[in-house]
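Both complexes shown next keep subunit A, but they swap its partner, so subunit B is in the first and subunit C is in the second.
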Partner chain A sequence: MSKQRSDYPGSRWDKFFRWLHGEYDPFAGMLETKRPEEHQAPPPLDPSAFDLCAAEQKGDDVDHSRQIRRFRILYKLLSCVLCVSISIILLVTVANLPHFGDPAAPANNEVSQRYIEKGLQETGAVNIVTGMILDYRAFDTFGESTVLFCAACCVLILLRIDDSGRAKAEEHDQIYEPKNDLILEQAARILFPFIMLFGVYIVLNGHLSPGGGFSGGAIMGAGLILYLNAFGFQKTQRFFTEKTFRYISLGALMFYCCAKSYSFFTGANHLPSGIPLGTPGAILSSGLIFYLNICVGLVVACTMYAFFVMFRKGGF
Partner chain B sequence: MPFVCNFPFFSIVLSMFCGIVSSVLSGKNAKKLSIGLLCVNLCLSASVLAYTLSSGESYVYMMGHFPAPWGNEIRAGVLEGVLASFFCVIMLLALVGGLRHIAQEIESGKQNLYFIMVDLLLASLLALIYTNDLFTAYVFVEINTIAACGMIMIRQTGRSYVAAARYMVMSLLGSGLFLISLSTLYGLTGQLLMTPAQGAVAALRASGQYMEPLTVTIALMTVGLAIKSGLYPFHSWMPETYGYSTASSSAILSSLVSKGYIILLIKIYYRVLGSESIMHGKIVNLLFVFGLAGMIMGSISAIRESDIRRMIAFSSVAQIGYIYMGLGLGTEAGVIASLFHILSHAASKGLLFISATGLSDVSGGSKRFKDLRGAGYRNPMAAAGFTVGAMSMVGLPLFAGFISKLLFATAGVQDPTKMLPTLICLAVSTVLNTVYFLRTVLTIFTPVDADAASKAKARQITRGFSLKLSVLCFIVLNLVLGLFSDPIVEALQSGLHMFS
Partner chain C sequence: MSEIFIFLLLGFLILCAIAASVTKRLLASIVIFMSYSLIMSIIWVLLESPDLAITEAAVGAGVTSLLFFTTLKKIHAIEEEIRDEQTEK
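== the complex of A and B ==
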């Protein structure tokens, strides 16, 4: 009979066997444990917001009625027939259109000829696309900027939360937002200046090289969104609030409106506009186009940023 | 060029400018600005009308330093003047009539957004009326659609969101078809300005080249604009949209927004595609058939409704049917009847929506017929307005609706094959109109016992002066259209001649 060791209780083997029998927990008292929060029932939903669903539930058993099932099958069948026939009609139409690049096509007429041949001379813009949209057809482009403004206002109607709901939305935003992400922050710190610089370059060079207000503004808006995602609202609020958004769009659109109204008015009344076109190719050339490009760029950038912010928490 | 020629341009740009400025104004100031803008625009359009009537011809206005095939252009004639002045009046009255509801139903921080939408909608309607450029028309169709959506959903109830989503889907489908047709048309003609495009289309027809794409273009354009204006099989968004948005929005949308597209369609027919070949082509027969179907089916759906606003909305389906039926007759008299009906329907539909709101205000805010019983004694002005609107819709003499039905019937008998269907459908539709409007008028004038009346009155929203004023002006407008229709019809006729 071997001698029983006196230091057995408390040894590793003792602990191991006791752990196997479930008497010992090696981690007891060593870990920070947290009791799960008690499940809270969500606040009762406002029934008026869901009256359509309620009405549907009260109505017939939609999924098991034979009539409704037949109707649905017929509906799907007819939709397929309709889609296929419309596609065929459109494809046949496209096949019958003048061929792309055909020199005899009706689209190659005196209109595009003048844009190409005299565009530089008449608008002062090396990039004739910019010359077309901001000088020959500037009224349409003003309409397009207003479409953006109108869409931004609609998003405000739909998503902006008033002050009472703001605090809750902010709380919500902080829970779900992974902030202080080191990789994102460092990457944004390096990329953000370049993105903005590139956007500004594209806007300012709109009349000289491919680009212009719409594309440059989109790049600047994307840069702002990246900055917001990396550093959070507290940092962006220092330079971009709702007020900034409103006044920048207001200023840009009002400048566009006034400048172009002046040019429309003088043009229609056959008065000289008195705006020098400058030397083609210089940065300060092509009359109003340079400034209009800046306006369009600002509107587009602000609108993109506002869309993102509205969708994220309903306020700046 | 006299200074008055600048006015169409001023009125469009001024509306856009006011919309932009309203974004930094408070709700109250934005409201004042909108109302002021509508008054100014009314004066400007009226002077354009007076000028074109006296000069007897239309003029084009260069938007910039470049002439027709290169730069943008707008154009003004008698028809444009009549429509622009009329639209300003209707919009002003509809807005004034619903001011109290705008204040109550829209969140205070978003009131100025509503007036931005009103200003931009006005700008887009004026641009659709005045434009002489196909792509400008498309840009302003976009503004029109987005602004209308904003006006629907700004009430921020579940129903108005659903209505806005439905409207958006249908309207974007229409815009998409319209855009496809514009691009094929550009591919075929290489022109975006209406005047040179007309020449190019005529040359295409003469040479007989590319006829299939041209036919598809005409069809897509017609179907796209018909979807956007709510012609019968595409009307499903109408009852929701007009039933659940705020009163002014319903009135403006039903009386003006859907009409803007019809005017654009007529303009494109006359100014681009060539009225002769369109009117003798097959596409008008399509419009004729669907117009007739809309006249009957809209009225039948209206009879089945138990909600007053939805009933009026279904009546709009029928009235849009009338307008397309007139276009479908394929004669000049038919088009003039349609144009007159655009005016008379706008005058009576705006009146109906505004006074129906007045009636439901004194019935505890309910729009159900059972709650509206006796509402005529609680708000006599709104009841009078509703009765006048109903009589005009049915087509009793003295009111605007009578003249338009008379014009439709007169235009109908000129065409031997289309005469019988036109007259039969007009008669049937009139009887159906009478059924549901008479029922409503009887309901609101059915006496109720004093107890229920006082209960309803206790819950009523305070009646406003603005609603009474608006209803009164609408009644006068209806009577003017009904009693002094001759000069208006003549103006429409001369305007249409200036088109081609």
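== the complex of A and C ==
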């Protein structure tokens, strides 16, 4: 066995010995070198603050930290207890609910029986659900539409940008709008008419088939949002501005209000609308329900679109 | 058969609900929330209330998630996620 020679240039031993003698740096060129940041001398300590610290430390510091630790343990324990107890309460409540579809449940009383038996006769709507929410319970639905309108107002108050900040916001928004995405544009060109037609169909057929003002309006609003995303604000502003939103939602809500707010004075007593009920199953049947459905649909569609525009741009 | 289907859907529902709250990435969390709404709308159809199913699909899966996405864009959360993915690659 011959001793390994150490003077081969480039061998490990050679590198090791050169490194020992300080001629070779194995990390040269491998690492990103960074100049150390210039260290600024810390500002001289304020003697008054120092005194305050000392004064605090002189007090019961140990007790204080122990209190904090105790509080943290208590906090975790209490939050666990709260979570578990709330879940137990909810589960017990669900377990005590009447069985699903139980005929003896308190919800299945003479009211729903009357709705099911006489609904078609009294409201003229084939879809009993619509007959219920827009005829028997129309006043409740009026409240729901108003809630939606209030939500739109709140979004307007919170997110609206006034004219001074408008230019900057629009400039910032031009980065995203319009997207110039070919797939999105072509898909929207094909889908948009069908989505709008489907929404209009659901609204107009609310008293005949499943659906109604709210769901149809939401679909129309979603279609408008798709159109906006595909083609940009300049195209939507040709048919939908702040004025359109104002007039449509105000007009629809006013019509609803005029038609149904008599319940403030008459209570549950029903006033005849004067519009003939027509033959059940025809499109122009069920009296006032048809028009109320259109109103709710318009309000919901406008509100959904306004929500999106407010979130997106902070103004129409 | 339909009972198995309903239990499968309910399982997915619970899974989505837990995953939506546990997921760290906001974008993924919103997509899970969308699928939750979609499963819920199928369950409404099985419970024979198509009115609610249409509304759930349009509002829950459509408009609400759109508003969430817009909010994420406004607070620049989506761009940061994309940038993080690029730096990871």
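One rule holds in what follows: the second predicted complex is superposed on the first by the 226 of 316 C-alpha atoms of A that agree within 3 Å, B and C clash if a C-alpha of one lies under 4 Å from a C-alpha of the other, contacts with A are read in each partner's own complex, and residues count from 1 in each chain.
What we mean here is this: contacts are C-beta pairs under 8 Å (C-beta built on N, C-alpha and C of every residue); 3 or more make two chains touch, one makes a residue touch a chain.
Not measured: the values here are computed from a predicted model.
Looking at the shared chain after the overlay, A:253 reaches subunit B, while subunit C stays out of its contact range.
Contacts of A:304 after superposition: subunit C is touched, whereas subunit B is not reached.
Using the contact criterion defined above for the overlaid structures, shared-chain residue A:138 touches subunit B, although it does not reach subunit C.
Looking at the shared chain after the overlay, A:109 reaches subunit B, while subunit C stays out of its contact range. Touched residues of subunit A were counted for both subunit B and subunit C, and B has more of them. Once the two complexes are laid over each other on the shared chain, residue contacts for A:124 go to neither subunit B nor subunit C. Contact residues of subunit B toward subunit A in the complex are 1, 5-6, 9, 13, 16-17, 19-21, 23-24, 61-66, 69-72, 107, 109-110, 113, 116-117, 120, 123, 127, 133, 135-136, 139-140, 142-143, 146-147, 149-150, 153-154, 156-159, 162, 180, 184, 186-191, 196, 200, 204, 210, 212-213, 216-217. Against subunit B, in their complex, subunit A makes its touches with residues 48-52, 89-90, 92-93, 96-98, 105-112, 114-115, 122, 135-140, 142-144, 146-147, 149-151, 153-154, 156-158, 160, 162, 246-247, 249-250, 253-254, 257, 261, 263-270, 273.
Residues 49-51, 53-55, 58-59, 62-63, 66-67, 70-71, 73-74 of subunit C are the ones touching subunit A in the complex. The touching residues of subunit A, counted against subunit C in their complex, run 127, 129-130, 176, 202, 210-212, 214-215, 218-219, 221-222, 225, 304, 307-308, 311-312.
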